[in-house]
Amino acid sequence: MRLQLMTWPEVERYLARTPAILVPIGSTEQHGPSGLIGTDALTAEGLALGAATVAGAVVAPTLAIGMAQHHLGFPGSASLRPSTLVAVVRDLVVSMAATGFRQFLFVNGHGGNIAPLRTAFAEIYADTSFAGRAGALRCELFNWFESRALGPIVRELYGAAEGSHATPSEVALAAYYHRGQLRDVVLEPATAPGGHDFQDAADYRRRYPDGRMGSNPALAREEHGARIHDAVVADLLEAYHALIAA
Amino acid sequence: MRLQLMTWPEVERYLARTPAILVPIGSTEQHGPSGLIGTDALTAEGLALGAATVAGAVVAPTLAIGMAQHHLGFPGSASLRPSTLVAVVRDLVVSMAATGFRQFLFVNGHGGNIAPLRTAFAEIYADTSFAGRAGALRCELFNWFESRALGPIVRELYGAAEGSHATPSEVALAAYYHRGQLRDVVLEPATAPGGHDFQDAADYRRRYPDGRMGSNPALAREEHGARIHDAVVADLLEAYHALIAA
Amino acid sequence: MRLQLMTWPEVERYLARTPAILVPIGSTEQHGPSGLIGTDALTAEGLALGAATVAGAVVAPTLAIGMAQHHLGFPGSASLRPSTLVAVVRDLVVSMAATGFRQFLFVNGHGGNIAPLRTAFAEIYADTSFAGRAGALRCELFNWFESRALGPIVRELYGAAEGSHATPSEVALAAYYHRGQLRDVVLEPATAPGGHDFQDAADYRRRYPDGRMGSNPALAREEHGARIHDAVVADLLEAYHALIAA
Amino acid sequence: MRLQLMTWPEVERYLARTPAILVPIGSTEQHGPSGLIGTDALTAEGLALGAATVAGAVVAPTLAIGMAQHHLGFPGSASLRPSTLVAVVRDLVVSMAATGFRQFLFVNGHGGNIAPLRTAFAEIYADTSFAGRAGALRCELFNWFESRALGPIVRELYGAAEGSHATPSEVALAAYYHRGQLRDVVLEPATAPGGHDFQDAADYRRRYPDGRMGSNPALAREEHGARIHDAVVADLLEAYHALIAA
Amino acid sequence: MRLQLMTWPEVERYLARTPAILVPIGSTEQHGPSGLIGTDALTAEGLALGAATVAGAVVAPTLAIGMAQHHLGFPGSASLRPSTLVAVVRDLVVSMAATGFRQFLFVNGHGGNIAPLRTAFAEIYADTSFAGRAGALRCELFNWFESRALGPIVRELYGAAEGSHATPSEVALAAYYHRGQLRDVVLEPATAPGGHDFQDAADYRRRYPDGRMGSNPALAREEHGARIHDAVVADLLEAYHALIAA
Amino acid sequence: MRLQLMTWPEVERYLARTPAILVPIGSTEQHGPSGLIGTDALTAEGLALGAATVAGAVVAPTLAIGMAQHHLGFPGSASLRPSTLVAVVRDLVVSMAATGFRQFLFVNGHGGNIAPLRTAFAEIYADTSFAGRAGALRCELFNWFESRALGPIVRELYGAAEGSHATPSEVALAAYYHRGQLRDVVLEPATAPGGHDFQDAADYRRRYPDGRMGSNPALAREEHGARIHDAVVADLLEAYHALIAA
């Protein structure tokens, strides 16, 4: 269930049963010459909705602007400062806690969000720790691209051409949710230069001239996305059930 | 065009022509016993996409969490602190400016966002004003619920039962975008107590027990939404063309 | 009564009766070649003192530095960043609440303060809303230049030459409080270019070269100020009595 | 000259000669059962105007709300958080620097402001130091209550009954500027308990039950204020001339 | 070389050769009934000094207060808020960059610091990314407890009793630097309950009553520390040489 | 006792007796051509440990990065922004208070820290003052270089060549703690130009080209350090006993 399509009495009834929510968070950033700028948000949203449908869980609106300072060398990228993202996550959790939510599972589609998200969780917990009180909130992070079930599929489908940004797996998953969006663009070289190293946006663009990191997204197919979706949703459901049982 | 469904080279070509973007911003908050929690974001998004299709403009991802502290007495509402919303808007504008955007038209669906948005614009402009430099950015605000074309339609369709929160006009517009979502809920009284006065969430709930302010959203019909959409999109297009001509 | 000229036992007795205070807020900014830099603060202060004398109310010290980033292209202008003004208003309200004040009526002389003031009010209310508690504070905003009684007088005295910055009405009101301060300066053109559009300070100065917006302040007379004072004070008293009755 | 009573072309001419300004800063806080709440701001303002008249200098609007957290146990006191006061001073200086001011002499009437003011100066200087650039701003602090010329007068007039808060010297000086404001209140004991030690507002009130620290303000006379004014203004002029010669 | 024991001309000569610095960062937090509160800082410092001696590198003063909100249920723990730690790291890097340092290798002894450190690096890089400029700074993180060479040693010496907080490996390493500090305390149970799961300080103490997580620090010996030191220093040197070659 | 070398049960027993702690705070900044960059932190630490040994008190880890924006013109200097230092001190105090500490004596070795420290104390106290509650914390500041016992010794040993930065007294004290670190550097002139006046780092370096202010640190001897240590520790012990008796 999308929270946006519920009414408050419906949420009230839901909370009496399960004070948990899935929060998709992505980014708005270049994904190479052929990948969609919204990839990280679209995939996080699709997975969260997939899992929620099975589990009868509520899904918050997607946080589509993440921490992507290193992609600002490419048109169409946008970013929050890390400290702003920390504040957003903190406010979201604390304000929803005021209405009865206690357990927050962030379904994350972007590596650059990990540190700010964990920082935000610590900031939230610090409120009660510094005050010498006991809190009741629990925040968990599910990075779908690190999902256990994903590895074998990716190795089978793409091998070393998976790379680490604008990967065929994320491109395929986004294409599964948004059919007909696979671009027919010639990528040169087919597989981009690899590495995980970068500092600011200028440095990133110097190292990875077309935005991709070690990937060949031309390998992506919509039907791959279906398979990835199913596998990752299963992992996500496990994380969700662990959270509400905690 | 949704920015999320573009690639960076496509944005680069777009920017060579028009360094402008529409940014839908809404809220996640109760809309009475029958209205959708996502109403403000869904309507802002629908209108922005409608105008963008006509104008060939780009639409940023929707900022769905707004400033809704006064609605936190109702389950499912969420809010940023005003100061956090200011930071979000500032970062979004400044980061996209780094990639070439110059003109930002915020399409807003929520009254509570107005002051933080205007504060954010001033904060952005203050950067160059305090530094004694000339800036190049331009931010404009289009509050669709204050749209000129809306008034006559609303008066005709709902008269005094429009009210000021969980209004039949916004409920109809959201239902136009999300068919089949009109709830069949008995509202008591049919038209909620009116007024515009509230302080914090406890005060709001005391004054407006079921969340509505002076409205009877049971009057909303999906087909009203179509009419509202067309009228407001026309106004929005005017604002957009004024912006890019500035 | 000016709070500054009271002792704390006198305030204690006052609070037992009325936990309300008037807070004048203005700006320190250019008002064209002939207008006083302090116009917005001096007028807000004069009106607040006028109303307080009638109502037996207390008046806080005037907040004379407002949000005037757009005027920083002219010597003598000063400004807080919007976020700083938000913090100032929040601290003032919260600290005075610690000593017993509950109702705050900001008497504002400057358009640029409106968004930060409303943002600050929301920030104050958010403290209790986010904590799930009920607060007791009430902040209201009275923008004297939007006062109901002002319109007819201005139309009669100045017509279209009122403009929107360095207006004859504000110049006249300031001159009423500070006699002998009307400057005999030749304004070219007599009525300045109009419009309401500006971004940062450089943009403002480019559009409005001598600082005025659409006004001819040479029309101002001290005796106009007396008339404006009386009319606006009556409106302000109404707002004050509504506040303390709330 | 009060900046508030100047026009921007007048400031422009002044700046061509002297890019310096006096900024009075005080506090709004209890001054014992008989002292005025505005004492610190009224005295700072009176001294600054006195010196400015002699020197032909410009005086900024008085910052009347200072850092007075320890006085919040008494009705009518108000305070900024220290960090807010730092931001206010920084914005004031940086924004006025954008219009041409370079030298800022803060005329301070309140001990609690000293640390935040010095912190703000360091924050301002840090902007260029951290950026590896050379700045052009100079901020100085004149605490009138520590003025060299004041000591002998105070010892002669009040001896040990001067104390350190709600002192007869500050009460006399405020009364000199605002005639007829000396209260005829019985103080018990005549000279309040002394000491300089306090933490928060509750602690302060416990130690100093009527707000005074070691003082007998009943000794204050308006004519003392005249004498104090003349002596301190001479010191202040010396500080001003040192600043503009730097 | 410890920066603290150098003079500025000596640093100047060093910078002409290598604009790099090692920055030890730890925490001040409980390490179970027998572990030292300073363990994380003492170990980070010892390793950094060990590597620096070999490499001829400079070592900054140790940042001994880290992000340890979850340990505040135990006496003697201290913590920065995550956002404060971000600011500290940012200021340290930016200020030292003003004097010529370009490469910063943080030698970290505490898991809770990882997210704030990575957030701080992103915040630093965002300064140039948001401004559309190219920066020159490079920050790297070396978490010694994740050092490649450490795993085999730990498995050999402690097996499953290594656990994840108050581990015998960190206790041994601290004891190697501070001889005679191994406490002879009976631990019950010998190996503490395991897990990696906790939210705030109250939650942590409930799950891990004596502070240890899955460890038996009674296994630690000073001579183990020597072996760990040598192995980890070798890894650290590799990281350092990679940094200065970048 | 160094807190870092204690276990949490040991701190628990200590707190049952004395909820007080000594917190050394210094700076990392140039101290002229011959003085150690760590002088301010090393001396603060040495004195705190000296006093603690006598009094049986606990000593926190040294805060070695202070507010030294004005020294950033010299290689090896580092600084926190003043506002960051305020946050650090606040977090340290509030977090340790959560574990039972109530009295904090900051042993300070650097003039530039004074204003931020006092600002931080006020910020901490403001938390309870603004909330209308009574707090229990007490923070005191001991600036060793202003110690009463220091004056006569310095006048005897160094006379006017003590100066005010890179003084022979601080150099001698640091050399007493770190034997063999006195540099044999020719200083020209022997006694540096004096004054106390500076703004930002560029201004400081212009006025004080080699970093010293009015001092001749070549006069420092390790044995002077011993004498200074004993005298200042006696003063510090007095301050400590006054604090725990308060």
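In this document, chain identifiers A, B, C, D, E and F correspond to the written order of the chains, with residue numbering beginning at 1 in each.
FYI, a contact is a pair of C-beta atoms (placed from the backbone, for glycine too) under 8 Å apart; a residue touches a chain by one contact, two chains touch by 3 or more.
Computed from a predicted structure; not experimentally measured.
Enquirer: Could you name all chains that are in contact with chain A and with chain E at the same time?
Expert: B, F
Enquirer: So which chain is the furthest away from chain F, centre to centre on CA atoms?
Expert: Using the mean of the C-alpha atoms as each chain's centre, the farthest one from chain F is B.
Enquirer: Looking only at C-beta pairs that count as contacts, which pair of chains has more of them, D-F or A-B?
Expert: A-B
Enquirer: Among the chains, which has its CA centre at the largest distance from chain C's?
Expert: E
Enquirer: Have a look at where chain E meets chain F and say same if over half of the interface residue numbers show up on both copies, different if under half do.
Expert: The interface of chain E with chain F is built from mostly shared positions.
Enquirer: Suppose each chain is reduced to the average of its Cα coordinates; what separation in Å results between chain C and chain D?
Expert: 25
Enquirer: Based only on mean CA positions, could you tell me how far chain C sits from chain F in angstrom?
Expert: Computed value for the inter-centroid distance: 46 Å.
Enquirer: Distance-wise, how many Å sit between the C-alpha centres of chain B and chain F, to the nearest whole number?
Expert: 54
Enquirer: In chain E, which residues are in touch with two or more of the other chains?
Expert: Chain E, residues with two or more chain partners: 69, 72-73, 79, 81, 83, 91, 95, 98, 129-130, 132, 201.
Enquirer: Among line, ring, star, complete and other, which one matches the pattern of chain touches?
Expert: Graph shape, chains as nodes and touching pairs as edges: none of the named types, so other.
Enquirer: Every pair of chains that touch: which are they?
Expert: Chain-chain contacts present: A-B, A-C, A-E, A-F, B-C, B-D, B-E, C-D, C-F, D-E, D-F, E-F.
Enquirer: Taking the touch rule as given, give the residues of chain E at its contact with chain A in the complex, in rising order.
Expert: My answer: residues 67, 69-70, 72-73, 79, 81-83, 86, 112, 114-120, 122-123, 125-130, 132-135, 137-139, 197, 199-203, 246.
Enquirer: Chain C touches which residues of chain F in the complex?
Expert: By the definition above, chain F touches chain C via 129-132.
Enquirer: For chain D, which residues are in contact with chain C within the complex?
Expert: Its residues touching chain C are 2-12, 15, 28, 30-38, 41-42, 60-65, 68-69, 72-81, 83-84, 87-88, 91-92, 95-96, 98-100, 178, 181, 183, 185, 201, 211.
Enquirer: Please name which positions on chain F make contact with chain A in the complex.
Expert: Interface residues on chain F, with respect to chain A: 91, 94-95, 97-98.
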